[in-house]
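The chains carry the letters A, B, C, D and E, assigned in the order they are written, with residues numbered from 1 in each.
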Amino acid sequence: MADTAYAIEVKNLKKYFPIKGGVLKKTIGNVKAVDDITFNVKRNETLSLVGESGCGKSTTGRTILKLYEPTSGEIFLNGQKISDIPRGKFRRMRKDIQMIFQDPFSSLNPRMTVRSLLLEPLLTHKLASRKEANELVGEMIEKVGLSKEQLDRYPHEFSGGQRQRISIARALIVKPKVVILDEAVSALDVSIQSQILNLLIKLQEEFELTYVFISHDLNVVQHLSDRVGVMYLGQMMELGETKDIYNNPLHPYTRALLSAIPSLDPYEKKERIILHGDVPDPSNPPSGCPFRLRCPKAHDRCAEEKPRFLEKEKNHWVACHLFDE
Amino acid sequence: MIKKGFKLTFIFALLASVLIACSGNKETSGDGKDTGGDNKQVEQVLKIANDQEPAGLDPHKTPAHSSVRIYSQVYSGLVRFDEKMEVVGDLATDWEQPDDKTYIFNLREGVKFHNGREMTAEDVKYSFERIKAEETASHIASYFANVESIEVLGDYQVKFNLGTPDATFLTNLTNSSAAVVAKEVVEENGDLQQVAVGTGPFKFKEWVPDNKVVLEKNEDYYEEGLPKLDEVVYYTMKDEAARMSAIRTGEVDLTTVNPKSASLLKKEKNIDVKDYQSLEYSYVGFNVEKEPLNNQKVRQALSLATNRKAIADVVWNGDAVVSGPVAPSMGDWAIDVTKHELYSNDIEKAKKLLDEAGYPDGFDITITTASTYPDMVDTAQILQQQWKEIGVNAEIKQIEWGEYIDTWLYTSADVLVGRNGSGTDPDRALQYFFHSKGSANVWGFSDAEYDKLVESGETMLDKGKRKEIYNEAQEKLIDQSPNLFLVSPMKYVAVRDSVQGFTPYPHNGEYILEVSKK
Amino acid sequence: MYAYILRRLLMLIPVLFGVSVVIFFTLRIIPGDVAATILGTDATPEALAQLRKDFGLDLPIYEQYLQWMGGVMTGDFGESMRTGKEILPDISSRFAITFELTMLSAFISWIIAIPLGIIAGIKRNSKTDFGVRVVSLLGVSIPNFALATVLILVLALFFSYSPPVGYVGFFEDPITNLQILFLPALVLGTSMAGAVTRMTRSSILEILRLDFIRTIRAKGAKERVVIFQHALRNAMIPILTIIGMQIGVLLGGTVIIEQIFSLPGLGQLVLTGINQRDFTVVQGSVLFIAFVFVMINLIVDILYSYLDPRITYK
Amino acid sequence: MKEFFQRLVSDKVGLIGFIGILLVIIVAVLAPVIAPYSPDRMFTEHTLEGPSSQFLFGTDELGRDIFSRTVYGAQVSLQVGLIAVGIGATAGLIFGLISGYFQGKVDQVIMRVMDVFFAFPDILLALTIVAVLGPSLTNTMIAIGIVFTPVFTRLVRSAVMSVKENEYLTSAVAIGVQPVKIITRHITPNIMAPFIVQITLALSGAILTEAALSFLGLGVQPPDPSWGVMLNASRTYMEFAPWTILFPVSAIVLTILCFNLLGDSLRDLLDPKLKQ
Amino acid sequence: MAKNLTAILKGRGTLNTVLDIKNLSIEVNTKKSKYNVVEGVNLSIGKKMKYGIVGESGSGKSLTSLAIMNLLPDVLKVSKGSITLNTEKSKELTKLSKREMQKIRGNEISMIFQEPMTALDPLYTIEHQLLEVLKFHTNYSKKEMRELGLDMLNKVGISRGKEIFKSYPHQLSGGMRQRVIIAMALICQPKLLIADEPTTALDVTIQAQILDLMNDLSETHDTSILMITHDLGVILETCERVAVLYAGQVMEETTVEQLFTNPSHPYTQGLLKSIRSLGDHKNTLYSIPGNVPTPAQYENMGCRFSSRCPHAMEICKSKEPSMYTVEKDHTSKCWLHEEEGVAYG
C-alpha cells in the first residue's frame, strides 16, 4: 500500500486537541489543528508547508515526528507505517527522522556543552563508541561551519546563527533520512539567514536528505523548495511544484498571500490583494470552505460545501470551488 | 481597588492610634486610682492568672492543680485544715468516734447547694459512694478504699464504717476532692466536669474555654459575712511573661510565679510576693526491675553522686530545701535527711559502690522527663552533669505531658525525673507511692518489711508511735533508694497590693475566703 | 465558572478524606492516651480501663474511624473526650478568633509589606532597596515567640502596658477586642511581611520589564499611574498567591502566639488536644482547618479571575 | 559558575548573606576550637551571670557558658536545617520530577497526596509527627523534612513543567533520548535555579521551625544547645538576665537574615526573567 | 497601492524638520562595563515625512527610538548628542524633565511596538487603555473621550468600536490589537509616530493590512513616521528616506529610491544582494560571511563592518571611516569612497 519511493506519506491526517470543560473536565469540543490532510514527500525532495500562524503547519510537522499522537489518519516513513507504533517503541526509529526548531535560543539545553549536545544523539542510538563519536562530532561541527575549538563552549556563548548551526549538526549527526525544519531560519537576521539556507542546501545534497520545511516566509520557501503546500485553518488549500505555485497560484488564498509579500523592487508594480479580517478561531471554524469569510471570490456554495482537494493541473492540487465545476 | 487600599490603610492607622489612646486611658482606671465617676466602691472582683486551662471541674475526677484551685472554692467537704494544719469542721460541725473503725459526723444545718436545695446526709453518702464507685474512676478512690459502708442516721447525721482503723481518714477528708456534690446535678449532666454546684463560698458562673472561669459570691454561704469578694475570675494565661506583664500592669490581681520572677516582682512597689514551703518534692524514679538499677548499690551510688544543694540553688534559685520522701513542710512527720549518709554527695564513695556493683566504668542510661515543666528539664540536665562524674553517661529524653504520664504509669523509662505532691498525711507519701501494692508504686519496688511497716502506720492511731513507724519507713526508703528524693521548693504567689487578707498555706496556696480588695 | 467551582469542590473530597485518614491514624500511634492524661500520676489501671471504655478506645481502630467519619458526614464531629462537650460549636467559636487574628495579621503585613515592596522594586539595587530588604527580612528572621515575649516585656516595663486579659469577642466589645488582638497580630504580621515584601518587589520588578509598561509610558503616563494603576495591579496576582498561602499557614500557625497571648483560638484547642490526647478534638479541628485552608485556596483562585480577565475557569 | 560568583560579588546584598552563612558554617565546624568550654559544662556557682572576661556572653540558668553554647548552637541549628531541608528537598525533587515529567495519573496521585499534607498547617503537622516519633534531634529533622516535602514537590513540578515548554526538551525527545536521561540531563540541571533558591529559604524556615518546636518542648533535646532551645529556655529569664536571650536571638536572626538575603539575591541572579 | 516614484520624491527635501538627531550616542553603563551601543547617529525627519531606519538585531535601531522617547532601560543612557523636537517651538528632548517628557509622549510623539500581544495591559479594557491617553493629555469630558475613541477606532478600521471597547486585549487577535495600538498612538494627533517593527510579529496578510492603514493615516493626520524595521521590503513599501544602521552606526543614509537603485555601502550592497538572490531557486545564495560584532568588540575595530566586508582594506581594520556624500542626498560611511574621491560630508 505504501510506496517506498516516498520518504513520507501522510494520508487523511487529523490532529484534534480536545477542549475540556464542565464539572468533570469532559471534552466539550476540539481545536482542529490539522483537519484531514494528505500529501507525500519524495526522497531527496524539499516540501514546504506554508501558511499563517495557526494554520496547522507546525502541528503537521510534529505529528509526523510523533511528538503528538495523530487523532486519525496514517503516516508512513520510508514505506513503513509509523502512525500506530507506540511512542516508546518509536524512540529507536527517531534517528531516521530529525527536527530543527525555530528558536535557536531555546532549542539547545543551556547547561550542556556543544560537545555533549552533539554526542548525545550518537550515544543515545548507540551509533558509535565514545571515541568514534568524539571524532564524528569533530567532523560534524566543521561541516556546519564551526570549529572544533568551539566544542567545549556553552550555547549562550554563540550568536543565533551559530546556534542554529549547532542545532543542524545535532540533527544531522545521526544521519537521518528525513529532517523536519520548523521555521528553522525565521528568527535569524537576513544576512545570517542566507548563510544557513546555503548550509541547508549543501547538506541536503551531501547527506541525501529529505526536507519538510515549515515556514511562513514565502521568499525563503520559494528559494528552497521543490514543492509547496499552502495550509489554512488546518487544511491543505493548494499543493504543487514551487514554480507553479509562485507563477500560477490558483487558490484565492495563495494569491492573496503572495501579493502581500512586500516587494523589493522599487519599480515593480504589484496588484495587492488586501484580505480583510483575521483567521477564524480553529475551535470554531466556518462551515464549508475555511477561507470563505475572507475570500474575495466567495459565493453561496462555499458556505455549504467543503471544496474537494483536486489535482487541477498535473501535480498541482487545489481545494476551491472555483476549480471544481 | 488601589484607592480602596489606601483608604483601608488610613482607617487602620487611625484605628491603631485610637487603640493605643484607649489603652492609655484604661491604664489609669485599671489601677483603681481614678477617683472620678460615682462608683466609689471598689469592685470586689479578684482576677487570678491560671497557668493552665482547668482540665475539668469534677472534684471527684480531676486532680489537676488548675482545676483544684477553682473547684475547691465551689465545693466544701466535711472537714478542712485550719491554718495550723489541724483538722476542723466544715460541712460537719463536729464528729465522734464510737470506735477505731467508726466515724459519725454531725452536719451543719441549713447549708444550701448553689441550686438552692438544702444539703443533707444523703448527699454526703451519695458523694462518697460516687468516689468509691468504679465507673467514676476517681483519683481519690483509694483514700476511701477501707470505707465499708456509709449510713444516713438522720438528715444531719452520717456514719462511716471503716474496715480497719485508719489514722489517715480525717486528713484524707480534708482533700478538696473529697467534696460533697449534689446527686441531681450529676445525673443531669453525666458528670461534673462542665458544671459545678457545690456548697462552697463561690458559685460557678461561667467557663469560657482557654479563656476564663468566673465564680461569683455565694450569698447563702453558711459563714456570715464571707466571702468578701463578689466575683473571682481565673484567666488562663499559660505564658509566664504574659502573667508577669499582667500582674505588673494590674490586669490581674494574683498569680503564681517562678522563683526568678518572684525576685523581680519583689522590687515592684505595687506587688506583694508571698511565699510558702510547698508539700511537693522533686524526685528521680528508677525502674528497679531492670539492670543496672535493680542493684541497690547502683542506686545508692547515684544518690551519692547527686548534689541536692546544687539543684536547689540552680533550679529553684536557692529557694528549696533538701527533702526526703516526706516533704519538710509536713513538719514533724518528715525526718531530717540532710545528715543522711546517702545525701553526703561523696563522689569517692559513690565510685566505690559502683565498683562493688560491678560497674567500675559506669554505664549509659536515659533520663526521661516532661518538657511541660522547665524545672524538671533543668533538674535532669543537672543530674546528667553530676552523674557524669562517676562515669554514668545519661541522655535526656524530654516528652510532653500525655506521653509522660503513660511512661510513668507503665514504667517504660529507666530513669524518670518528676515532682510528687506528698499529700497531707505521710501515709500517701509512704504507702501510696511505695507499698508493693501501692497505686502509685510504678517502680517495681517491693520490700515485705517495708510493706508491713507502712500498713501498721496506717492503722496506728497513736500519733507518737505512728511517727516512729514512719521515721523507720523513711530511713528504709532512703536506704533502698527506689527513688532519689531531691528537694522541696518554695512556692510564690504575687498579689497586687490592692488585695487584702491574703495568706497562702502549704496545704492551701490560694485561700481567698477572707480576701477583699481595696 | 460555576462548573469550575463545583469541580474544585468535588476535588476537595479526596483531599479531606486523606487528611482525615492521616490525622486519625497518626493520633492513634502517638504514645499515651486521654485516660492517662486525665488521671495523671494518680492513675490506677482499673480506672484507666474504665475511662478508655467510656471513650470507645477499646474498639478496633477501623471501627473507631468509621464511627467518627460517619458522624462527620452528618455534621457531627463528636464530643470531646476530655470534657464531653460537643466539638463543633467549640471549633467554630475558636475558629472565629483565630480567623480574626489571621486576617488582622495579614492586613498588618500588607500595610507594611506592599508599600515597602513597591519602593524596593522601583528602586532596585539602590540603598533604599537594600534597606527595605534587610528591614523586611528582620521580621521574618526573629522567631515569633521571642518577638512576642520581648514585646510583652518591653511594653509592661517601660510603658506599663499590657493587653487586656480575658478574651472578648469583636461583637461584644470591638475596642477591647482589637486591643487584645493588636499585639499578637502585629507579631504575626511582622513575620509575614518579609515574604510579601519579597513577592511584591519581585513581581513589581518583573511587571516593570514587560512590554505594556513601556507602552503605557510611551502614552505619556505619569510614573504614579504606571506603578499604581498598571504595575501594581498586575503584580497583585502573584502577591495574592503568597497571601493566600500565608493565610492558610497562619490559620494553623497561630498556636504559639495564641498560647503566649492567652487567646482561646483554634491553635490552642489543637495543642491542648494533642497534649491531652483528646483525639476527637484534634481530629475535628485539623479536618476543619484543612477544610478552611483548601477553601481559601479556592477563593484565591476565584479572586484571580476577578483580578485577571485572562483567567476564565471553565 | 565563575560567572555566577562574579555576579554574586557584584550584588552586595547577596554577598553579605553569603559571607554571613560562610561565617556561621566556619563557626559551626570549628566550634570545638572556638568555644572555651564544653556547651553543657555547668558552673553551678555562676548561674545567670552577665558577660565577663571568663564568660564572654554570660552564663545561663544552669551556669553554662552562653558563648560556648551559642557557638555549638550553630552546629546543631545548621545540622537541623541541612538535614531537614535535605530530606524535604530530596523527596520533593523525586516526587516533583516524577509528577511533572510523567503527568497523567501518577501526577494526580502524587499531587493529591501532597495536597493532603499541604492542607495540614506546618506547625501542627510537625508537632504531630514529633509526637508520634518522640522528641529528639533526629525526629525533629524528619518531621521538618516531611513538612517541607510538599512545598518542594510543587516547586519542582512546576519548574519541570516550565522547562518542558522549552524547545530543547522537545528536541531531546525528537532525537530519541531515553526518558530517564531526559530527566537527569535535560530537566534536572535546568530546574536547579528555583530549587536552590528554595533550599536557602527553606534552611531558614527549618531553623525557625525547630525553634518553634523547641518552644513547645518538642525540638532538640537538652543539653544539646540548638538556638531554639536556648531561646526558649531563656525566655523565662529574659528580664532577669537579658544576655541569655540576646545572644542566641542575635545568632538566629543574623543567620536567618543571611539565608534570606542570599536566597533573595539568588532568586534575582538565577531568574532569567530578571537578567539584564 | 503601487509605489509611485514621484510620490516618494514629493515628500523629500522638506527643510522643515520635525525631529533632528545630532551625533547621538547611547552608552551602556554598568559597574562592570561601559561602552557605546549607538554612536554618532544623525537623522533628520521632515514634516509629514516617512523615514525608515533599517538594521539587523543588535544594530541599535530600537535603542535609538527609545532614546527619542526617553524610555531607555536603566543601564543605558544618552551619552552624547542631541534630539530636537520641532513642533510649536523646538525642544531639546535629552534635557527635558520627567514631567515635561511625559507631556510629550503620546501627545506630540507616540510610539507603537513590535509585539501587539504584550504591548497592552492585560487587566484593563480597550476602552480604558485607549481613553487613558486622552485623560493624560486633554481635558475632555468622558463623553467626548468616548466619541473620540470610537471615531479613532473607526479610522483604524474597527467598526464594532463599542463592542471592542468592552473587550480585554487577550480577546482580540494580533491584527486587532495592533490596530488598537495604532489608534492609541494617533488619538492625540502626534506630530511624529515612531513605529518599531510594527508588523514583524504579524502574519503577512495582516502585515499588508497594517502597513496600508499606516500609510493612509499618516497622510490624513499630517503625522511624520519613523519606521524601524529589519525588513527592507517594509521600508520600500512605506518610507521616503532611510538610514541603514549597522553595529550602532549609520552606514548609509539616503532616499529609498537611491538605496535600492544605487546602494553605496558594501553592507547595504550585500544585504540587497542576498535578499535578491532568494529568487534563484536553490542556487547558492549570496551571503555576507561572519557574524555581527557585539558592542564589547566595537572598540578599536576600525570600520565595524570590516570583518565581514568583501572589499576590506588595511585602513578599514584600523581606522573608522567618515560619512561621505556619494551623491545628492546620499551619504555613506566607507573608506572606498575616499578612494573614489567623493566629497566628505
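Just so we're on the same page, contacts are C-beta pairs under 8 Å (C-beta built on N, C-alpha and C of every residue); 3 or more make two chains touch, one makes a residue touch a chain.
In UniProt terms, the chains line up like this: A = Dipeptide ABC transporter ATP-binding protein; C, D = ABC transporter permease.
Bear in mind that the values here come from a model prediction, so they are computed numbers and not experimental data.
The minimum number of touch steps linking chain C to chain E comes to 1. Chains that touch both chain A and chain C: D, E. Interface comparison, B-D versus B-C: the higher count of C-beta contacts falls to B-C. Distance between chain D and chain E, defined via averaged C-alpha coordinates, is recorded as 52 Å.
The geometric centre of chain A is 49 Å away from that of chain D, both derived from CA atoms.
Computed from the mean C-alpha positions, the centre of chain A lies at a distance of 86 Å from the centre of chain B. Multi-chain contact residues, meaning those touching two or more other chains, occur in chain D at positions 131, 134, 216, 235, 238-239. Residue numbers of chain B whose C-beta contacts span two or more other chains: 241, 244, 372, 399-400, 403. Residues 210-212, 214-223, 225, 230, 233-234, 307-310 of chain C are the ones that touch chain E when the two sit in their complex. Of all residues in chain A, only 52-53, 159-162, 189-192, 194-195, 197-198, 201, 216, 218-220, 222-224, 242-243, 256-257, 259-267, 269-270, 272, 274-276, 278-279 touch chain E in the complex they form. Within the complex formed with chain B, the residues of chain D that make contact are 40-42, 44, 47-48, 61-63, 131, 134-136, 216-218, 221-223, 233, 235-240. On chain E, the positions that touch chain C within their shared complex are 69, 71, 98-99, 102-107, 110-111, 113, 115, 118-124, 132-133, 136-137, 168, 170, 181, 184.
Contact residues of chain E toward chain A in the complex are 1-3, 5, 56-57, 173-176, 203-209, 211-212, 230-234, 236-237, 256-257, 260-261, 270-272, 274-282, 284-289, 291-292, 308.
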